[in-house]
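Heads up, the next two complexes both have chain A, just with different partners, chain B and then chain C.
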Partner chain A sequence: MKNLLYRHETYVFLAIIIFVTVVSIINPAFFTLENFFDLLKSASLMGTFAIGMLFVLISGGIDISFTAIATVSGYTIAVLLLRIGDSLNIILVFLIAALIGIALGMINALIIHNFKIPSIITTIATQNIFYGILTVITTGTWLYGFPKWFGDFATIRVFTFYTSEGVPYGLSIVTVIWIALILISWFILKYTVLGRGIYAMGGNTLSAQRTGFNLFGLTLFVYSWMGLMAGIGSVIQALLVQTVAPNSLVGKEMDVIAAVVLGGASMAGGSGSVLGMILGVTMISILGNGMTIMRVPAIWYNVVIGLVIIVSVGASAYRRKIFTRRKVITETTSAGGQRAA
Partner chain B sequence: MTEPFIRMTQVSKHYAGVTALDNVDFELQEDEIYCLVGENGSGKSTLIKIISGTVDADPGSMMEIQGERIHSHKAIDAIDRGIQVIYQDLSLFPNLTVAENIAMGEFVSEHRRLINWKELTKIAKRAMARINVDLDLDAQVSEISIADQQLVAICRALTRDVKLIIMDEPTASLTRREIESLLSVVKDMKSKGIATLFVSHKLNEVFQIADRISVLRDGKKVGVFPSHEIDEEKLTHLMTGKKVEYQNFKLSSNGNEPILEAQMLSRKSEYENINFQLYPGEILGITGLLGSGRTELALSLFGITHPDHGEIIFEGKPVKIKSIQDAMRLGIAYVPEDRLVQGLVNEQPVGDNLIITIIDSLVNRFKLLDKTKRKKNIKRWIDELDIKVPSVGSPVRTLSGGNQQRIVLAKWISTNPKILILDGPTIGIDVAAKFAIHEIIRELARQGIAIILISEEVPEVYNNCNRVLVMRKGCIIKEFDTSQVSMDHIQEFVNGTY
Partner chain C sequence: MLRKNSYFGILLLAMVVVMVLMVLMNGIDFLSLRNLKSMSFQLPELGLLTLAMMIAMLTSGINLSIIATSNLSGIVMAFILTGLVPDSGAAGSGIWITLLAVLAGLAVGAIVGMVNGYLIAVVEISPILATLGTMIMLSGISVVITEGYVISGFPQAMLAIGNKAFLGIPNPMIIFLICAGIMAVILNRTPLGTRIYMIGSNPTACFYSGVNNRQVLFRTYILSGIYSSIAAVIMISRFNSAKADYGESYLLQTVLAAVLGGISAAGGFGKVSGLILSLIIMQMISSGLNLLGVSNFLTIALWGIILILVMVVKYLLENGFIKRRAA
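Take a look at the complex of A and B:
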């Protein structure tokens, strides 16, 4: 446990505690169960995207196109809901969105693997293509007025409490979906050869190949997974706001990347954890929520997020630097590998 | 002698008209430690690639493994036949734990879907037990020493039923003590019936460990020798085809005034109370183990880091070297230890790398780069240091190590330095190229440049320097006049056995 000091997650966690304490002192309404469940519900959207981004970053890539993928799948299900909404159900909606997401993610993977184009360039291009085609077809129309069952599903709660005024609140079904996705991701990353392969590829691509990992398979999985999360995220978005607007997601990529990087994933690949991702998403979410509660003008939001990222990532990088410097010195005295007697 | 593990006869390999291997016979016993030596381009890496199945030999070549005639030998077949290669870059995953690095391949090759962490740890422990090493299984590989990383790579090879381990330049980045430890692991493996095939530039190791040594030159086998029947001089002669005489460097003349003087220089947890003088025209050696502070000191003299205490006196006046620009203005040049990381822009052409340090002086009156001046300068250095390049437009990464090192040298010599600091100038380059570089360094000293030569190889500083400083744990523990002491005496101080 002495390594706790060297773990990035510790610093993000501390930052969250400090921030929560400060906001709670200024406005006690922040530290309530109601606000907590509310936060979890609104964090689920970014959190779902962040799961996909975590996998991509660990593998050593990046995906800018996921908001466009989510927009395409969100718009498609919205159109379907309006046209044949009564013959659909929530499972089918998720399934359709998931398939669209996976298909578009696969396109990214195929381009990145076959043409060896850096993922950032590929996905900037595909973002423009996916989003561009959608805009041409839809001319930017907003869609709303979904079937009643779709609205009802969004209000399902697992536990229900009531405020003193009798307003119900509790753990939203949307949050439950996010938590389920988190558990699946954690299992994949920790207990499957596939998950370790993603780490291996991000750490040293050539070695991964020599070890016998199927690099194409890994790439395909990672970007499809990102696409899947974009698809699921698009349904969550539709559930939360009951409106689908073509321009509501594109442009928000950086918030998601920021959350995952804040959680300790490296842009160079090979590192990142599910716990860190959760903390990063939590941090970014409570920043927004906390600033609203403290009545800080919304225009300051970006400035604060930027500062938090620099301070938190900087602090752990600095710890690491000191740690490495110390290591060089101790190695001088214990050089030669620890041969057992 | 029993049946050899591997027997190859009349192995040849041609790449697009170039002969890489020419009718080479090769034989390796089951528990033998065998060394393959030769200069760059002698065909030793081609031979390894054929044995490890990554390259096919030409038709007509014959290969037998454990008495069985082999027709198809792909990489996966080689692994199945018990042949494992430890690449020079070790091919590890820096972001994963020691245990995972060792055992991951097992899970992948058995097409498993799930990881059983208990089993993974058990596989790793079993591999470590085979060579009696004890590493922290949960440590991340990027955080352990290079020597330990090497042991991880060996343990990984041992998870399979391995009969032959091929090590490509295993000692290039290890300290002397680490090498000793590695060699004892190799002997351990021999006692368990595992053969080792070494490829190495460092000849003194070859004698220590090998049962037999095979010398390759220009794709042909020059000979196979039991290691006790051959000495270093003869081996060098066989490798290069020419007689190279090593004359110790004699100080021709030096000024009475030191050009550089360090007084009580200290930097927290790097080096402490460093005092020395450097005279024009001399080659001052600094040696010590990895992490002894030798490189850290050089970085401060060049303004990359800054000492916490103490003074640097340049030509009699105290100076503060706050930046690389300051150092260059004083006439200090630095050739880094890791030329690939610090010294060269690998993707850029040879020509541009050569002139990068003097680019300010190659402009015309419009302050734009003058093409004629540029061309003239590039040509001058290529000729002067005899750099072999396909064209000045080829990217630096395509050159051999020796030629890359010459470009780094040229880059700094062209600034007309008064002081040249060379950190490990011959790491990873072959014997002949090494001699050539040493010759260039001596010539520069004769021209009056003061040179600091930093190297962990005691023979290198002993032969090329008039004075040698030995560093340990950040301090200079002893200064030697190389004409007064023996090489072994200095070595003892470096190792701390004195």
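Take a look at the complex of A and C:
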């Protein structure tokens, strides 16, 4: 119980509850099952990217290039859908996007591991390369008019309710995909050697290496995983909006990083949890949705998000500072006591 | 010492190679006075922003909010310029209004720097997160106060800053060279500069050497903010307008230019001279390809490739691969 007070997640959760209460009092339309499912559906895209980002941050790295990776894989599947859309199915689409994502993620990992270039610099460079080359080839054309089955898949609901006016709503298939990915990630991070290795590498690279973890393998996995999530995310984006534009994702990478960091992952690596990531994504999503519902003008959105990030990371940095100071004091006094004995 | 010189040598070599390549592709016109002049009108914006990024990187930090700072101070300047000019009755060039606006703009940069400094030095948030937060918030504030519109129409004196030349040298270039000189003096000749390098190499050792880390970080981010504002002066003058989302693509380019110029991402190393070389290389590539009619995006891709290549060469150098062969 006392441990809860030291967890970043607890505070984010409290903040979410307070915000939800306030918005619900102002406008009861917020706290409805319909809005809840809507929120989940729109959070799925950022949530999928956030899963990949969580792994990278825990491993002590960062990836700026995932939006460019998602753009490349999204564009590729869009072209395929338009050319040979009738002979494809949804599983093949996901598979192709996943493979492209993994391949591009591996390029990042190879550069980062072999030449010891900091991940932020590598991925800034590869973002420019992937995005630059794609835009040159495609000349920035928007793609739309996908086959009917692709549009139909996006509207599948696992279970359906009807509003009093008869409008259907329910748990979207897109959300189900996101939840499945969350469960897999949670299992990997919590119960596999691989997952513990990622934490170990982020906590202290040298110790992890001496313990016998294969750093190259871990790096390769982490960036491929980010690439995989970017690939899957690109399909989700195409499903949600039924349009692929080369410039719709690049530039949004900071939003995803902000969401994951809000959930307690640290830039130094070694910490972060799936639960925290979910809370961070939830926080960002309900802030946007809640502000719309409270009729706050959209132009205020960034001011609020920025403030929330500063307050949140500020509070957790401040707590860490107080905590380490207390620890240092108790350790030195107890060490002194032992010497005296 | 040898290692650092050899990196400067690589950059110099890279610059010559790029120049020769560009001349071969574009003909000798590439070195014509007109083209050189147009290049030196374009370089200073990115150059000043890169100086702002550099000083934060030297302390092993980063300042993601430079573009947002620049836009906010640009907007404040624009409000003063467009709001006060008609009332003042000065049918002339509006020198005083321009001076007032520029001072206000620099003050905005300094205030943002103080906020960043407070978050990083006192609250001890990691620089990347603190400036990510301020970046999002500042760009939000800019959108709120302009409601997303462009503010334009400045007095002659303001336009002269970005568009006129003095003795054949474009004004922005003169401003950039002065600012780069000041930065070099601060870094190499003042206690503050030494301490900035020390914090970047080892903050703990620096603290126990009796340095007030907080104060140094505070001043670092204030300087970074002021340099962003100076970039804003040139930017709004050249565009004759200010907007909440100008120059967003500059953010990653500044990191790229700084790293290419030999500024270590881990902090503690890097000089203004290397930075200037890297800016010249990048400018030559973008102007040269632009003359050839190559898409901007290919230029961006090329910058990325060059950045990785340079980092690879640097890695091989530092591990004695090339040196051993040469010996």
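By definition in this document, the second predicted complex is superposed on the first by the 320 of 341 C-alpha atoms of A that agree within 3 Å, B and C clash if a C-alpha of one lies under 4 Å from a C-alpha of the other, contacts with A are read in each partner's own complex, and residues count from 1 in each chain.
Convention: a residue touches a chain if its C-beta (ideal position, glycine included) is under 8 Å from a C-beta of that chain, and two chains touch if they have at least 3 such contacts.
The structure presented is a predicted model; accordingly, all values stated were derived computationally and were not measured.
**Student:** Look at A:Gly270 in the shared chain and tell me whether it touches chain B only, chain C only, both, or neither; answer first, second, both or neither.
**Tutor:** first
**Student:** Does the superposition put A:Thr160 against chain B (first), chain C (second), both, or neither?
**Tutor:** neither
**Student:** So, does A:Asn89 touch the first partner chain B, the second partner chain C, both, or neither?
**Tutor:** neither
**Student:** Would you check which partner chain A:Thr21 touches, where first means chain B only, second means chain C only, and both and neither mean what they say?
**Tutor:** neither
**Student:** Which chain A residues are contacted by chain C in one complex and by chain B in the other?
**Tutor:** No residue sits in both footprints.
**Student:** For the complex, give me every residue of chain A touching chain C.
**Tutor:** Interface residues on the chain A side: 64, 111, 115-118, 120-122, 124-129, 131-133, 135-136, 139, 251, 254, 257-258, 261, 266-268, 299-307, 309-310, 313-314, 317-318, 320-321.
**Student:** Where on chain A does chain B make contact in their complex?
**Tutor:** 190-197, 199-200, 202-204, 206-208, 210-213, 270-271, 324-329, 331-333, 335-340
**Student:** Under the definition above, what is the set of chain C residues touching chain A in their complex?
**Tutor:** That would be residues 62, 64, 119, 123-126, 128-130, 132-141, 143-144, 147-148, 248, 252, 255-256, 259, 265-266, 295, 297-305, 307-308, 311-312, 315 of chain C.
**Student:** Under the stated contact criterion, what part of chain B meets chain A in this complex?
**Tutor:** 87, 89, 91-96, 100, 104-105, 107-109, 112-115, 117, 132-135, 143, 145, 147-148, 150-151, 175, 177-178, 180-182, 184, 269-270, 289-292, 472-474
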